[in-house]
Each structure stands twice: as structure tokens, then as C-alpha cells.
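Sharing a structure below in C-alpha cells format, with a few things to ask.
Chain IDs A, B and C follow the sequence of writing; residue 1 opens each chain.
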């Protein structure tokens, strides 16, 4: 039986000639290592862990040289393999504590074998005769067996997912969402229209706005919107505007064509 | 015939040469098996024409069906003919076996699952606390359903004003959900790990470790017969309320 | 066929009289019919205990089920055992005839399939152990998919510090993959023999395991909503960032 992962080998990132590095094709460092081990074309119990370590490190180096973002896991594994390599190459000191290079190598070989065994098991499992695909149940069942005393059905999974989603939902809704207030152009226009009515003399824009600003945070949006609205109103002759120099205060006063009460009422009505 | 051959490994080729008139008994047997499986798996009675279309060429479908009918006649399940369709039915004299199961298994509603899970994790818990956690009122019917299922019980009364009744889960609850003890209920990390809680769990979300089944909490009083009568859950004089 | 003949009514069965001397063979026959009808009528596997509860007192339910199993072994519909339950299923070799267009078999991702196998072969297994075997983190939702399919369940908690939850497979898993019991998992004996299911790396050294983003190191505090806002990773007001 063809193992699943072999089917995918062709799509995997590593091609020996092309040297195309695509780390995304692998499910983590162990998957990559297993793939490299397979390329030694020997029984997994006879792979050369030293050669494997070298291949892995070379692969990672290549990936880094062409600036592929590598997850930390890959780098940690590379560092560990470099350490393993040094343990394998340098003879063990008598008083050296810790595991020998051979022990480390066999631990790695075990993990690769175990992962491969699980992949093969998965393939065999999925290729079994499956209910609903190869094997079928009675199409017209005549009763439902009730073996439970309660007469109610629910699984632990149902229970836990109900609880988890409830708690999460509730926890989220308990967060009070503060609406960030943004002055729209029409807001600003209306506010200006209300204020300008009785303005005979030059008055600073900021001065007007202060009373409309609930919090200092609104300052920027209020000034931006009302300045834009005031330019429009100048064009319509409803107000006049003056500024001494850049960043100086902006002064406003009633224009030659002021907003009468009727127009203002219309504007208020339009705003709701 | 060649088609049937494909399905029957081990049947020698030469037999194929014999014309349909003398149908190979082994093919006959295979045709029987196919007819059986087809009728079994179908949600509706299966027409003889359809069965024939699935049988090896040359098979005498009607003869096969009649033989199967005879074969099953004395069994617990009979093959019955409905017009020109075929179906399996429980033998008429055994219908009592199948029909005594009148109690249908009902799925718990979402609300009931939520309330049950809150009681499981937060016990001993009062109704007000359940509502507080869910953010909605709990209908009386929901708790009734859980009581009826035998999964929820009155545990005691909280020693607070109003002495509210506290709820807890039962031994049957543990049995049904395959838990050995309440402490086996997964905690926040495990719910997260299993993908039941999404990654960004709000920091204000705490999942309590439920307290043991039988012990009362410090601020709990045991529930008495009198309490039950008072709550209208038990008619006076200790008659069984159902 | 000769074997089937033996159990058909009206055919005396001397062998039975010798073994179950106390039990009337005709009652035995009746018990067989009832068991057959019960299991045949249900799409879900039926527990042996339930069948027993419906049989005349004293009937050897297991013996009956095994005889029925043998009786149906060569037929188009087989009696199969799923853990301590029984079910009728179409014979696997007939899948090509019974197949319809509407068949729906859950498609599993490679990762989900791998996790499923690891749970099946290593159960009871914790999430950390699954990740140790695969060498990568299990994405959220992978376990969720398997649990939703009804193939994987929370089994219990490991009696080690932290009491991690363990996972196992369900009866539906056995049913779906046509396994009588876990011992029937393909190659499980060989894997056990090779020490590949011991879960113990034969060395006192562990190679790097994935850093679980769920777990915090001892010297870490969990990141709070406030921190995230401060860091500009989350817009204020707790809106879902996605």
C-alpha cells in the first residue's frame, strides 16, 4: 500500500536538483527531517543521523540565504542538530554528564520511525472499508434503540461546546464598547450654522468648539470637520474666515449671506 | 457474464462459456448477495427492475427474490414484496420487540445544554446565577427537562437572603457523559486546546473547578422534605410527585 | 448454505440440545429471531446487554450472536461486532453495487487523519503527547473536527501533575472503520512489538518540542486585553480582531 505522504512527495518543496526551498510544504521540523531521511533511501533504522543533521542544517542555511522566513521551531531544531553533530563527532569525555551523541541520535531516529509508523497507520486506516462509502447501514431502520434511562441524548462534546461558546460569547459581550465619536461634515456644518447666527465679530474657531467637545479626544475630528464645513460655508457667503499665519487661530464671523432661521430649521430637520 | 466475473475472484473462466440457461450456481449465490445488500441499504423499497440492473447479466431476478423471500420467511426479518418492489421488514410476530421502544430519544435543546453545562461547572449554583451567566432568563421547562433526564438535582439551599435553591448534577449525569468525577470536566486550557474555545479567550473568562458531588458547600444547607413541599415540588405528605 | 440450513426453523439441531440442555431449542430459535429482528431494525449498533434484556430469560446472548454472525458471514448483509455492540452492515466486497451518488464520507485533512491515528493507536493520549509525536502543534479545530465527527472523545484525565485531559476514540470510530475492537487496528501488534507505541523515547534526552503558544513559561504572566491594546495589537473597545 502506498503511504499517503509519498503521494505528496512530488508536491513537497525539496527538489534535489532545483533546490527550490519551500518550507511551507512541511508540517514542522520533524516532517522535514523525515522527508530528508527518506531521501537516504535506506531503512529508517539504518539512516545516518549525522548525514541527516548535515542535510537539515544545509537546508535551513539555504532557506535563510534566500531569505525565507523560518519559524522558530526550524531554527531550534537546526541548533539542536548542530549540537548533536558535535556530540557525534567529538568523543565522549569520561566525566561528561548528559546523554551521549549516540543516545541523542537514537532518540531522534526513534521519533522519526514513530512518526513514519503513525503515517503508515493513518494510510491503512483511511483505506479500510468505511461506513457510508464501502459498507452501508440499514437504509430504512424501523426503530431507534433507547438504551438510556433518560430518553434524552447529548454527548459530552455537545455539552462542552455549548458551555465553551456560551462563556466566550458572554465574556465578549460584557466588554463595554465605547463608541468613538467622529464628527461628520454635516454634523459640523449644523453646529457652525447654529453658532454663527449671532456672530458679529471675529471669534476663534476653537472657542466655539470647546463647548461641543465632550472629551479632548474629539478635538482633532471636530476641528478637521468644522474647518472643512466652514470653507464650504464661506463659499456660500454664509460666513467669513480669517487666519493670521500658519497654525495661528482661525477666526470666524457672520458672512454677507447669513443663515436665516428658516434655513437652519430645514437643516435641523434634515439631520433628524 | 464477463462483468460478473470481475466480482467473483476464483471462479474459473470456462464456466463463463456456458450460456445463461444453466446459470452458474456460484454466480446465482452472488446475485442473491447483491440483491440482499441492495434491499438492505435502500431507504425505500427497491424495484425489481433496479435490482436486475445491478445483477450479473442473465440472472433471473424474480427467481432470486422468491428464493430470498423463502429463505427469510422463518427468520426474525422477512423480505416482503410491495407491488413490484422489495423491502426488509421485521417479522410481523416480532413487531412487539421493535415497538415497545416508544420512548423516543430526544435531542437536548441548545438552551438545555447551556444550562446543564453551567450547572455542571458552577455547582452549587442558583437559578439567578445561571441566568446571570447566560445573560437570559431560563424558562422553567428547561430545568424541568434536565430534572426529567435525571441529570440535575436540587442540592441544597444557599445561606443567603431568600435561601435560594442550589442545583447540582447527579451520578447519572456522570455516567451518561462518561465522566468518573466532576473534576474530569476539561478546564479552560483543554477547551482551548481542543478548539472549543477560540484562541483569543477574554481575560475575564474563568472556568471554575466544580466542587464534589456529594458534599455541600460551606454556605449551603441540605434540602429537606419541608423545603421540597414548600417549593411545590413535592405534594405534602411525601407523595411522589411526577 | 449447509450451515444456514442448520438454523432454519423446523430443522432439529441435536448439538444444541446437548450443550444447552436446560434451554429449550425452540426457545433458543425464538431468541435468535428476536436478536436478529432487533439488530436488523436499527441503523445504530445495538448493545449486547440491551439485546439480552429483550430475550427470554436464560438465553445465551453471546452464543446466539456468534451463531448469527456465522450464519450471515457469507451473505450480502453481515452481522458485525462493534465493541460490545452488534450491527448489520452490507458486505464490504459488495460496495461497488451498493454505492450511490449521495454517499457522504467526511474528508479529513492530512493533519486531522494523523491526529486521529495517533489517538487511536496511543490512547489514552494527551494533547502534548500527540504534539510530541507529530513534532508540530495541533492547530485549533483539528481536534474539534474529530470530536464533531464523533470519532474522538475526552476520555479522562491523566494522573500526573496538571491532570491533563486524555483523548480516545469512540464506538462510532470503530463502526466507521469497520473495526470490532481497538485490537483490530491495522498493524497495532507489530507497532507495539517494535516499541513504537510505548510513548517513551528510549533516552533521557528530549529533542526540542514545539513551544506551545497556549502554555506560559513559569516566569511569564498571561497577556491581557489591556496589554494588547497598549501594544497597539488590538484596537481598543475589544472588537474582534481578525
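Throughout what follows, a residue touches a chain if its C-beta (ideal position, glycine included) is under 8 Å from a C-beta of that chain, and two chains touch if they have at least 3 such contacts.
A quick note: this is a predicted structure, and the numbers were derived from the prediction, not measured.
Relative to the whole-protein C-alpha centroid, the nearest chain centroid is that of C.
Counting C-beta pairs in contact, the pair that comes out ahead of the other among A-B and A-C is A-C.
Note: the chain lying farthest from subunit B is A, by mean C-alpha position. Distance between subunit B and subunit C, defined via averaged C-alpha coordinates, is recorded as 15 Å. With centres set at the average Cα position, the gap from subunit A to subunit B is 38 Å.
Computed centre separation for the pair subunit A/subunit C is 34 angstrom, with centres defined by C-alpha atoms. For subunit C, residues touching at least two other chains, in rising order: 38, 40-41, 88, 90-91, 98, 144, 147, 153-154, 225, 238, 240. Shared interface positions of subunit A, i.e. residues touching 2 or more other chains, are given as 136-138, 142-145, 155-156, 160-161, 172, 175.
Residues of subunit B touching subunit A in their complex: 37, 40-44, 87-90, 98-99, 101, 103-108, 110, 113-114, 116-118, 120-121, 133-135, 145, 148-151, 172, 176-179, 185-186, 191, 194, 196-198, 201-202, 204-205, 207. On the side of subunit A, the complex with subunit B involves touching residues 136-140, 142-146, 148-156, 158-168, 170-175. Subunit B makes touch with subunit C in their complex at residues 7, 29, 32-38, 40-41, 54, 71, 74-77, 88, 90-91, 94, 97-98, 178-180, 183-184, 186-187, 189-190, 192-196, 198-200, 202-203. On subunit A, the positions that touch subunit C within their shared complex are 4-5, 8, 27-31, 72-73, 76-77, 80, 98-99, 103-104, 106-108, 110-111, 113-115, 117-122, 124-126, 128-138, 141-145, 147, 155-157, 160-161, 172, 175, 177-178, 180.
Residue ranges on subunit C touching subunit B, taken from their complex, read 1, 4, 8-10, 32-38, 40-41, 54, 74-77, 88, 90-91, 93-94, 96-98, 127, 138-145, 147, 153-157, 163-165, 214-215, 222, 224-225, 238, 240-241.
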